[in-house]
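To start, I am sharing the structure in question, which I have written as structure tokens.
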Amino acid sequence: MMDERDLRILKAISDLGTGSPEQIHEATDIPISTIHYRLNNLRDAGVIENDLYDLDLDALGLGVTVIVEVLADYSESYETVAEQLLAIEGVTQAYFTMGETDFVVIARLSDSEKVERLIREFEAIEQVERTNSTFVITPLRDGQHILQSYSIETLVDELADED
Amino acid sequence: MMDERDLRILKAISDLGTGSPEQIHEATDIPISTIHYRLNNLRDAGVIENDLYDLDLDALGLGVTVIVEVLADYSESYETVAEQLLAIEGVTQAYFTMGETDFVVIARLSDSEKVERLIREFEAIEQVERTNSTFVITPLRDGQHILQSYSIETLVDELADED
Amino acid sequence: MMDERDLRILKAISDLGTGSPEQIHEATDIPISTIHYRLNNLRDAGVIENDLYDLDLDALGLGVTVIVEVLADYSESYETVAEQLLAIEGVTQAYFTMGETDFVVIARLSDSEKVERLIREFEAIEQVERTNSTFVITPLRDGQHILQSYSIETLVDELADED
Amino acid sequence: MMDERDLRILKAISDLGTGSPEQIHEATDIPISTIHYRLNNLRDAGVIENDLYDLDLDALGLGVTVIVEVLADYSESYETVAEQLLAIEGVTQAYFTMGETDFVVIARLSDSEKVERLIREFEAIEQVERTNSTFVITPLRDGQHILQSYSIETLVDELADED
Amino acid sequence: MMDERDLRILKAISDLGTGSPEQIHEATDIPISTIHYRLNNLRDAGVIENDLYDLDLDALGLGVTVIVEVLADYSESYETVAEQLLAIEGVTQAYFTMGETDFVVIARLSDSEKVERLIREFEAIEQVERTNSTFVITPLRDGQHILQSYSIETLVDELADED
Amino acid sequence: MMDERDLRILKAISDLGTGSPEQIHEATDIPISTIHYRLNNLRDAGVIENDLYDLDLDALGLGVTVIVEVLADYSESYETVAEQLLAIEGVTQAYFTMGETDFVVIARLSDSEKVERLIREFEAIEQVERTNSTFVITPLRDGQHILQSYSIETLVDELADED
Amino acid sequence: MMDERDLRILKAISDLGTGSPEQIHEATDIPISTIHYRLNNLRDAGVIENDLYDLDLDALGLGVTVIVEVLADYSESYETVAEQLLAIEGVTQAYFTMGETDFVVIARLSDSEKVERLIREFEAIEQVERTNSTFVITPLRDGQHILQSYSIETLVDELADED
Amino acid sequence: MMDERDLRILKAISDLGTGSPEQIHEATDIPISTIHYRLNNLRDAGVIENDLYDLDLDALGLGVTVIVEVLADYSESYETVAEQLLAIEGVTQAYFTMGETDFVVIARLSDSEKVERLIREFEAIEQVERTNSTFVITPLRDGQHILQSYSIETLVDELADED
């Protein structure tokens, strides 16, 4: 049902950080009226889930989640390694960590056959020594809007601590 | 600079999935004109980063990230365990996984002294057998808008695969 | 293209250890002429790969392989645990091993969403303490006809050793 | 009791994927009548277990099973490593996997003294960094005819999913 | 050369946090002049290393250092476990930690035969599930006066950060 | 409240191993009367905790403790590695150990953001192969005056064993 | 070639700690002249390797060596566990250790099929929580006469240290 | 009480595999009558424990036992590595093993301060990649006369299997 135009609109929203049809039009050359029309359809179909443009990832064909622990030689600079990790397509989260592992990376893929490509790209990074990837059976919460995880009392307290 | 009103507005946006002043007003009883005024200020201050209401977490006093691996006895049902994990305040992401660990959970806290409280709450869950937590030195990417991680070509291909 | 009749014939071959249409007929009540006809079609389509009735597992919709390490309390008898492991649908290989793990089990599933069901069934076995499952990216060799892995010289030598 | 001729016949069946005396004769030059006679004897002795030519591995002097986890540097290509692993005599199964280990390999040997030779051959592969081998105390199921592990209902369901 | 009186004086210094002969006298009933005399001798012999009463542990017969990782069930309260760990004689440092281990404890003993007693006492604590102890070959630095590890510039910076 | 002069005095005490105002004066050029005055203030404020000049580390802005396990190639000499580890600012304890880890190092930092700098410095040591760092949630005992951990009876016994 | 009489003589030597035919006779009732005759034959055949009655284990049918790491709950007393470990037939060495494992046990068996029996007996001990057994590919040195491993200079030095 | 002459006699017994005073005399030049006299004294003192010349290791000043797991690069030949391991003074047992570790080595030392020397010598072997050493708290059985670990029935059975 979705076609390339839909995807170009959705991607523009992510890239630009806005749902404004005018700005999407400038980035994509798709007529503004078409953008309006498409966005409405995507909302009706549940692909766009709310006013914040959260997306239904399954509808987008990104239903497989993989967590990858990366050991790397970052004796020169961890930033160089980080940059290359972030450049791998599908890497949606990445953390530089203490502990036995140097980086924890989370990636989303369209199906389990893409895992081979993903691992290959990690291993092709010169400084990467080992990867240990784990298949996510079920994602439970995605962290798109993190204030949902706090009570207003906690937030007020945290802020008070900061000042 | 931020006060409780600002936080109640930001939290309402997350909870409701909208930045609409009218809906925020209904949920919070804060006058609509105040909401307009406050949102503008928060945008100017960089706390709200774009039209999608992405937030600057450091400004919100949530600068510490912890990754927790959880081993649990889920022989009855993993959903019961998952529910309790998600109920812990500050848990922004959670995954039920294959491999040596049963759940991978990511939490955000205001400072490292809160870690003790967090670990305590995990260990208090009856089915949790062990936790192994790792301190994130630097978060590299947060996954708030995941389409940024893909080229339009890939997205089109993935979608084609799905159909 | 395949239907239930095809599958009942293929399963009968596995269960009976024969490709004889007469014996398949006795077990399935499918007319012998139909069996002949179906087997020819399955051969032409490449589902049946040779005279030994090796099967193309992808064509059968069993394209996902998972290796599960099982730690169990087998202080009473390992056979009781083994029986329960073998009773889980999709378990095609299983080994009782020395080393850190008690059992190594290999299972085939139709897609990655079935992994949740599989893990659940392992964890439901009372004596099972932990499972550690690994997703197979690519199966390289399947061990269906193991003499392919030996030269005739080695086989002669091995046999000589035995006597 | 078995001699080299028996073994050459059995190996030809594996290599050719057929039990047809004519084809075995072409590959081995053993007279067809001899092949008939030998196959009957091997069936009577239980070495050949059924019409699908499954073999009694103990009778063949291949009673020792070893599971080897292989860590390798496959940054150039995992296929190069895979090829070398598969070329080691006695390797009957091999999987390229996610997780802490890169390859899981299963080998069968005539006795435990052959383990030294096997490990040596793994370590001689340039890209292999470490091997971790585990002795199988008792093989429980061998996966020769995997449809035995499924009910007909599941097979029908799986197939339906595929289409 | 040292006798019980010397040890009682040295222990009083540790317990009271002072080298004052008057206070040591009050705690031990040893005459003040004896205390003066003994302290001078201990300084001459190098047992007391400086004005801060740092001690030569080897001279005191405490030459063996052991690091113990402790896994414990602290679902009720980690403080209960901590208290019992600290009550074991010879435990000079203890930390409640994130990561795979719950507590890291450092103990000093007079000789390696005392290790058995130490491990026994750890294992006798009800909440302790496992201990993993490591023998220190050579202690490199002891942390008695930690400001030695910092430049004055760093200290000034750290303090500025605090305010 | 504390300023650089206070810190220079406190550091001199650690470096010299004495609280003598005369010796501190020689090392720092701060007038003796000022030293007297400052030390009294630091005692009143609880920064100096007793006559042995034990310090309140939190008051000094060193509230974060990290335990680092270090794997290193010390085939030439472990002393070379040890020296470099000890030269890292903030390393207050270090042990050369048996077991899976070569060195266990404890460091104190002013806040969790300094961890990145610390790990970087460890990884920059040529012989260091891997580090595994653990965040201390709560330090329980610091080992500044270790005789507190022993009864007088044990000390007498240990000493007797030595002779 | 060896028969039960030979074995009873060899076992008596081990049990009694002597090769004296008179004492062996008292323990076994085998006539002294027979003992003389048999011992000479066993020496000629190389089963008895020297005057210290070291034995050729392969000739005795004990060619398989297994190293077993044992984790046990020894909170009551490690001696109780140790006793049960030593009572398992074939256990020739056993150590109570520091580190991740509680006991390291070495056993000799006649062939790899006996491993199943051995593991079963370990797991049947109530306090044993887990075993991790490793197959020895080749024993390199057996420690029967340990002074061979030292130079005379070292022995003299060690002894001097002791006094 | 023991002197170098005693040690030279004891070592000659180990090296030659005999307690014959004549042969010891040939190897050591110590007069035969002295050898007789010394051996009697060593027996009376319990250093020599029986007619098989088993020794009381504590009396010999070799009271510390260490188990060392060795990971090595043995891609060329494991024998080269084995030789170097066996050449380290104090190594009394060594095994080439399957599993995560390549070699398991047991060494005896006079005191825990010698551990540093031992580890240094292991690490100095070029092919050795890592060592993981564990301190033995209490040796439970030493394997000097292994037939003690078997019943006569088992030995007869094992032998029967061999033939």
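As written, the chain order gives the labels A, B, C, D, E, F, G and H, with residue 1 at the start of each chain.
As a convention for this text, a residue touches a chain if its C-beta (ideal position, glycine included) is under 8 Å from a C-beta of that chain, and two chains touch if they have at least 3 such contacts.
These numbers come from a predicted model, not from an experiment.
Path length between subunit B and subunit H in the touching-chain graph (shortest route): 2. Within the list C-D, E-G or F-H, A-B finds its counterpart interface, over half of the contact pairs alike by residue number, in C-D.
Although subunit E and subunit G carry the same sequence, what matters here is overlap: shared residue numbers make up under half of all numbers found at their interface. Centroids of subunit D and subunit H (each the mean of its C-alpha atoms) stand 42 Å apart. Averaging Cα coordinates per chain places subunit G and subunit H 13 Å apart. Centroid to centroid, with C-alpha atoms defining each point, subunit D and subunit F lie 60 Å apart. Between the CA-based centres of subunit C and subunit H the separation comes to 49 Å, rounded to the whole angstrom.
Residues of subunit G found to touch two or more other chains are 78, 96, 98-99, 111, 115-116, 119, 134-135, 137-138. Listing the residues of subunit C that touch subunit G in their complex gives 71, 74-75, 78, 96, 98-100.
Put simply, subunit E touches subunit F in their complex at residues 2, 4, 7-8, 10-11, 13-20, 49-55, 57, 60-62, 65, 67, 78, 82, 85-86, 89-99, 101, 103-104, 106, 108, 110-111, 134-152, 154-159, 161-162. Those residues of subunit H lying in contact with subunit E across their complex are 64, 111-112, 115-116, 119, 135, 137-138.
Across the complex, subunit B is touched by residues 66, 115-116, 119-120, 123-124, 128, 130, 132-135 of subunit C.
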